[in-house]
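Take this structure first; my questions come after.
Letters A, B, C, D and E name the chains as they come in the text, with residue numbers starting at 1 for each one.
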């Protein structure tokens, strides 16, 4: 359960506007890769192409290839629905389904497959996923209350539980902590550390310290100028990027001496 | 242009729920005070009582006194509208008025109150405020284009410009950078450094580094348990709080060893 | 405008910016005059609406009561009032129900098509086209119902009679003119379609992007995403939209009066000439030849219609509020 | 790029997927087969072919998709087909009504129709100036009454209303949407008789009747629109020391003006075609009356209805006028709608 | 373009001194006749506006009694208790004035049908009664066949369309049935259709449309609205008679004044129709009345009413209504009587 991601020369467009240009990179299984870069450089745009979520936005399309253990996600006949079941995603703002209880939220993805789960099997899955998201202890007594009643950090962990309940191979996270307080942030960071034992994790973050803390590999994105497409400037082991990057721009950004 | 804030034994309620309990503190003029603490501990709730913005929420009320250079904001006959003109506020998410141009946004505080300004006076005020918010150079050529067309960081500075255009004495900021990227964050932090030369600044932040960088004084809020009211645990010079706090809880929080 | 409400300060040393603590006896709550006028005006408007409604209700009750209290032999329609109104009340509810059953699924379909299926550009103009239906006056629907729809339905009714006659709804002799309650309900359905569509479309479009993306990211197909995120979020909105449509269907006068072949029976049969009339259409039909208590009797039927509407709305509110904590409004 | 041919391996993420051409082919086949079948039975008809053909197509498509693409995809396809056919289904009556109105309304859509009233005219000829004037008057006055009350009440509900009164207003506004139009007419008529004596049928009475119908619609749509305005904007204004009422007037209303206008237009469209209440309250006349407070005034819906109901010897002339009146009414609403859209887009919040 | 010139601009060419507004309301059967009369009268007197609102006879009588209009049109005469001064207290009549009924509109009611391939249809009263009461349900029923030996009558359901609203047309039609086919039609004459169920349509237009758009339909409607539809010949004596204006007007002359129920003014011309009258008399006839005050509170109103009603009862007015609205003109004798009554209005 966990796959290698290879991206070859990817361009992403919003209609006529090229938002991201010529990205090629590889993400190894069971690692955490962090994407950093200034706002608007296309991190979100790019991460969404890894499970074809960009297609939700009218007019968005890609050129290039994204391979998941060798299978091109953009190959002919590929079903985005399947891709997304393999590559899960967690968003910046926690988004549990407000009409569902905590339990239903966790099971939401599984139920889709039309599988009938026995009561025990589903109770099992709920517990396993919530434990996996470090949320079990906090909510085990109120599994049937609405998910929107949780605090922000709890909601975000619920979303992670929901994502891992469908047993994906890759988990994408777009700024999962930016709406959270430090305590919740630490809980999520810990969780990421655990998740990478089973999943390939890709995370977008604005918080350099966070990138340094959680990731094995860091990719720095930047854009040449306002209105120009974003590009991958440098990717490497987190240690190297934070201590001794090849590019001047990376160093400037990381040390806050940007621009 | 800048006032001392004294808070005496303040409780804040949402209906029956006591959200903040027994806060007393003093903020000196021309300083930056940072409020830190875990999510839900009442930082936002408390900062809003400093210009009576909590009254916008139905059912919210306070007990206790808030003195601005000795005048009780909650004294009988005090007009909250006038309080807010003296104590300005900037919010977490940038919120320029979407129907207004950049210029109109800056002038909003003045115009919305029905004051007429001559063309030169208003041009003057716009320039002065935008310069004060470090935004002038970026937008001087498009003062008449809509404010919502700016980037997030620019919008936030526009909101600051809008707040200082009414010439308040105190500026409150509730997580002004949490929706922004590092570059914009640095711009805002620089700005705060400049603002304190003229205004009393109070800022809520989740980012400990930010608190350490910008503030002269730091207040740590915490809550005893979920559902209990938040309290002020410790307040002191930023240096002291970050290096040698009196309270164990503060130290735990700051070093991330919380809980 | 910004008049200071403070009285001259006593604490002279303090800033002159803030109003000073006033003398004893001054009101705690300070509201500026502009605010007072404005909130007065808006509250007044709200109350005015209640007053208008109270006036309408009062008018209905005052004018309706004589029909309820007078001896039967004085009445123009020589029947105990509730016996008189029962078939019309039934017809009203039945026709509106049929219309709703037909219109709501279609309206949801159209609304979804516009909000989630059609390409953006197309969607806006399609929305406009559907809105146009709302602008067609009921007389025109009446004319259309008589001239186009009813003749079109005749063979369908004959077919139903021949093939499904065993089914109670299609029992009896098929109408030779097609002016049945089903035809009337179709006209009503078409009439309420735009309003239900417009409102549902708005709530569908307001489904938080976040929830839609959450569903899609879990590997949901478009339809599953709609079931998971859009419909639950919009439930109360759809119900309100349906209620608005129902309100219109219950009260529609001219189109029904023109299209329906009415009678004074209580019957569920959909395809025969003998159909229960609706209250509103009956008022329109009978009003011209009513006099004295007859007028009161008709107004009393209006009161019954009013009560039906009230009951339907209360029911809808109750449905909406039942699962409030799980509603999308958080 | 890779030059060596990779060993043929099926991409894991390719679900069985039907090529795009399958759908049109199945559709055409279903229609043709159904048509042929009916023809063979000697019962060919366009209507039945389309209906049965569509059902056959739906079943076939779902079955094919289920076999090739799996049950979930099939369900998705079914939903798509149903949603799309709901839309097409709704277009049928629309197209039919519009076609009917156009084809029957155009013959008399001439200058005379817009310059003549029906005064002293029997049979062919004449026009609807009196009715157009009346419709503009009654709807205009109704709008002038309803829009301020409706929007202010919506403001109350959104900005001020708490507790019982607000709940009562919300509830009763819903109830009010259910007032049958003829009851509104009877009410307005009775009201004016009290003040101005028996037989007073005037445009203003008609307008009051229309207002009773219009107010709840304005309130409902305005309320929705005002609620859409982000609280952040209100807070931004309060934090600038702007009093509440100015915040509402200068920030909330401008931000939602587009939606408000659309809502008002919907309400106007809803009442401009009302017949029954105007028949009762505004009365009937064949002559032009431009005084809304004195004497009966003709309106377009009444004109249409009476032209239809009281056809004279030369029935066609009356029917022609009825349809032209209907066409005119629809055109008026369209023009109002377009204008409203223009105004709305002019004021709409910029950016985003 | 056709509006009256502004009174006082001196544009009047006819030299009429009349001016003002005349309000009437009532029978919708009379609507097109009133339209014709108003048009002609306004042309003669450009200063006058006549508003006749065809709201229905009952509404017209209510409006008249309640003071809403100057005169009413009604397809039945007002009853003695309705024309009494007490009942008219709030009307526009002078305090002790009675109201008078003046027959001004006579119109045959046609039995219309829509049956492909059948051009001529003969029916007697009993058959009509049985068709409309649902006893005869098929077009090829022996009873119909017996009277229509030549017609190709199909095996088709009959859909008999009656008026859904309370109407004078129905009242006269059912009066005909109850007088001439009392065995098959045991119901009292009434404006409301006495039988539950069956096909119903509102107003004359509704009935005509239902008959036109239906299959195998039959109905009854003001003859002027029969249009291209088939019209049945009705058995009178031993002949089958198609309606004609003369045959319709004849019935009034053959009928006595209605003297039952109480006192009426000497100028009141309410008739009690005798539909069994022999000769070339078409029995399904509707007679509608103009109802006016004997004496008005307002002299100006009296003058207008007098002059308007005078015009419409005149040969000229009747001819216009006959030509434009398909009414049957009053006979010279009746016209004279009506004129006499109108002259008494003050």
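The working rule: a residue touches a chain if its C-beta (ideal position, glycine included) is under 8 Å from a C-beta of that chain, and two chains touch if they have at least 3 such contacts.
For reference, the UniProt names are A, B = Phosphate transport system ATP-binding protein; C = Phosphate transport system permease protein; D = Phosphate transport system permease protein PstA.
If you're wondering where the values come from, they're calculated on a predicted model, not measured in any experiment.
Participant: Which pairing of chains accounts for the highest number of C-beta contacts?
Facilitator: Top-ranked chain pair by contact count is C-D.
Participant: From the C-alpha centres, identify the chain that is farthest from chain B.
Facilitator: E
Participant: Most remote chain relative to chain A, going by C-alpha centroids?
Facilitator: It is E.
Participant: Any idea how many Å lie between the Cα centroids of chain A and chain D?
Facilitator: 44
Participant: Distance from the CA centroid of chain A to that of chain E, rounded to the nearest Å?
Facilitator: Averaging C-alpha atoms per chain gives centres 83 Å apart.
Participant: For chain C versus chain D, what separation do you get between their C-alpha means, in angstrom?
Facilitator: Chain centroid spacing, chain C to chain D, equals 13 Å.
Participant: For chain C and chain E, let me know how many angstrom lie between their CA-based centres, rounded off.
Facilitator: 40
Participant: Using the touch rule from the top of the page, what residues of chain D touch 2 or more other chains?
Facilitator: 72-73, 243, 246, 308
Participant: Two or more other chains touching the same residue: where does that happen in chain A?
Facilitator: Touching at least two other chains: 81-82, 112.
Participant: Which positions in chain E are in touch with at least two other chains?
Facilitator: 28, 55
Participant: Residue numbers of chain E touching chain C in their complex, please.
Facilitator: 28, 55-59, 61-62, 157-159, 161, 164-167, 191, 196-202, 206, 209-210, 213-217
Participant: Within their complex, state which residues of chain D touch chain B.
Facilitator: 162, 230, 232-243, 246-247, 250-251, 254-255, 347, 349-352
Participant: Going by the contact rule at the top, pick out the chain C residues touching chain E in the complex.
Facilitator: Spelled out, the residues of chain C in touch with chain E are 146-147, 150-151, 154, 173, 175-179, 257-258, 261-265, 273-274, 277, 285-291, 294-295.
Participant: Residues of chain A touching chain C in their complex?
Facilitator: 51, 53, 56, 58, 81-82, 84-85, 88-89, 91, 93, 95-101, 108-109, 112, 145-146, 148-149, 159, 162-163, 166
Participant: Can you check the complex and tell me which residues of chain C touch chain A?
Facilitator: Residue positions touching the partner: 119-120, 208, 210-221, 224, 228-229, 232-233, 235, 323, 325-330.
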